[in-house]
């Protein structure tokens, strides 16, 4: 599978076998992410962590993943004062920055910008989110989480029963996840949203073409029974014309422990792409779920490190060297995972 | 002493013996901070240097301390665009970020926020300043500096004679230092401030309960004689309702070489938490003191690196491994310390 | 040659022999910058990459250069909230920051600020640009590029024929490059600019005093024949009183493949300090030149890493140790250089 030197731009570039290969590499990264071993395989390599739009969580996750393989990280966190503001083309930015680093993660507010950048880059580029378009590593970490959570219940992605809840119109992550799920078999999806924020028709169509069962609803309780996963999302406030318009939808579908106990199966896993909006008016996943062992939202972000390590290891072709250049960690790492 | 895996949130969490243990570990960090040796004990570890309020000096000092032990640093430098602005709770932020790193330093504008964050963190958290509340490493580096400066004059913290000068009402560092001094014996404190900016009554009370002698005054010259330390502070402009209100107090107590020579003992040590305000209207410590060997203000910031290295080594439990995983530095490091 | 422990503040501090020594060291950095070998000679060293004015490209280039020698980078990217805004002097900032790091790169919006900072620093300081004054590493990388490009055509800097085009009044890089060229012999310079944006008289005078031939013109086509180098620049919009005033000059001198083919010699090298302004109204170097093998603009930025590595190696006195502490890179580095 040709990962060596490749760009990671879109989930549509992968076949199922490739995705499963990424996940098997991610599994092998656990001793490093869990701080049992430290690898130096990328000792001397530099990641250009180029965030032309802010995103603390994603930026730090990519940076940590590269550090955990032994590499260094140089980064930028805004666009305002950059050369782009002086009329520099993405072509030029890519030619210059790819002379500084061994791999580049790029986030940019405009759809398609990362692909344009990658075309001019001399090193592998990973899409860290390009506007409303794609955020492939989020979709991969979501699917990786689903697979791992199901595995612990002796189930597989084939045959999955999942509800997606909230702002399904603007939520980039659910669109991408649906595309990935179309590579698998025999899935039941329940799409719960306000009528005005329904999943785009072409996404639903693709799912049905893949042979999946799709139920569309604007009711929560009756639709979260008999599921493996409930995947909640926040209202994408920044996509609405005003906060007031977003307020119309915020807090419409709230999951809390009482509802969970009453309607969900005892092992139904709760996911969310984060950040969850914990303000009173929203609160799509109540804090009283925090001690519920099926709340997987922080396992999702933990898994993000594994998936990003796997992608770096694959595009830089060091998968089989990670263990060779490693040592036991020397510090107290607690029992946090 | 239970430092392993602990959070460092407040100076009130320490007993005197623990503080002295921190200082003895800080002493052992000197060859590394002074660039004679380089340690790799934390090779592979990641610090999450999370500054949700800007502070170049403190942020860089913590980052360097972690680097000097061989670790990597991922960081953030603002709050505006972060997930917190999208309604994420400190609980969620802590759960996520603690999955990325081996230790976290957090600075945040709200009192109590760092403790709330630490309660949800899976890794040790060090308070880098939470609003008006605490900045424990500043207090520790101040006391560590006092101890070292006195030692070179064959004196100890017990029996210390110190003046604190300036904005004693809003100056967080002097409050914390006073709390630490209450763990020691037989101290004389002279508190010099405008009447409106006096040290809070409960701080003075605590000092007196500890058996210390406290003199309160609004006169400089007559009160800086017969002292070991004069600790000057700037007016905390950002705490006043307007710059104009701060102007009423700025420049009220100025120490310069002429006053020093006339009133101070020849070995009186001059300290300041920095930044000192060198604008004409303020100038609480004149530049003509820069060549005075008793000006210890830059030894304070140098000591900050030692104290922060010590805290990292303690909470990650590598104190006795720092030397083992080290080598001589290979570059020209001059004679700067 | 006394580089050890020195500051790099201005190109005027160098003699020709010193510049050639820097370039010979830069040549030796190629296996590292080209990712054949990785050096750890600065393992444990910390660069303070202090950008008190934003500049993504220059900041990342310096940071990468230090990483490629095995060192760590701590950095800052703005001035607004720093201690300087609270009245801290450059003297204090320098005393503090130089206690944290082994070398400092500083960029600052005010002319002369970096020299003032360096005077108080305890470690070597490299000027990363101080307002309209100097940006010495840009001038060095430009000259280094000229030398390498000419060498591949069996020519030398002595005897060079070069045109400088565009905003020669405000373009800091062309001023500095002219100063450097005055150290060489027998050069022909064609200075092409709008009459209002001509090269300052004293720069022209210096060139003539050095025995060089200087032609001043406001016509492009007839003046770019029989040259080794055409060095294009963008209009320094930020120096004009309004964007509208800058618009008067933008796009006045455009080089594209048609003009190049018609007027230039087949091996004439095209340079630009970047960013080039690719907006329609400016477009001083057309994108249709991107496949022209004589377009050296990205070789310039690549060479910047080599020159900056050389300067770090020289001031920290590790030139002869870079190879000793090195290993082959372990990852796929492609064939990008």
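Descriptive notes on the structure:
In order of appearance the chains are A, B and C, and numbering begins at 1 in each one.
As a convention for this text, contacts are C-beta pairs under 8 Å (C-beta built on N, C-alpha and C of every residue); 3 or more make two chains touch, one makes a residue touch a chain.
Bear in mind that the values here come from a model prediction, so they are computed numbers and not experimental data.
Taken as a graph of touching chains, this assembly is fully connected, with contact between every pair of chains.
In this structure chain A contacts its sequence twin chain B using mostly different residue numbers, the overlap staying below half. Per-chain CA centroids place chain A at a distance of 39 Å from chain B. In chain B, the residues that reach two or more other chains under the touch definition are 72, 77. Interface residues of chain A, counted against chain B in their complex, comprise 35, 38-40, 54-57, 59-61, 63-64, 67-68, 70, 72-73, 77, 234, 237, 274-279, 282, 287, 290, 297-298, 301-302, 305, 327, 329-334, 336-337. Put simply, chain A touches chain C in their complex at residues 4-5, 41-46, 48, 72, 74, 76-77, 80-83, 86-89, 91-92, 95-102, 122-123, 315-318, 321, 325.
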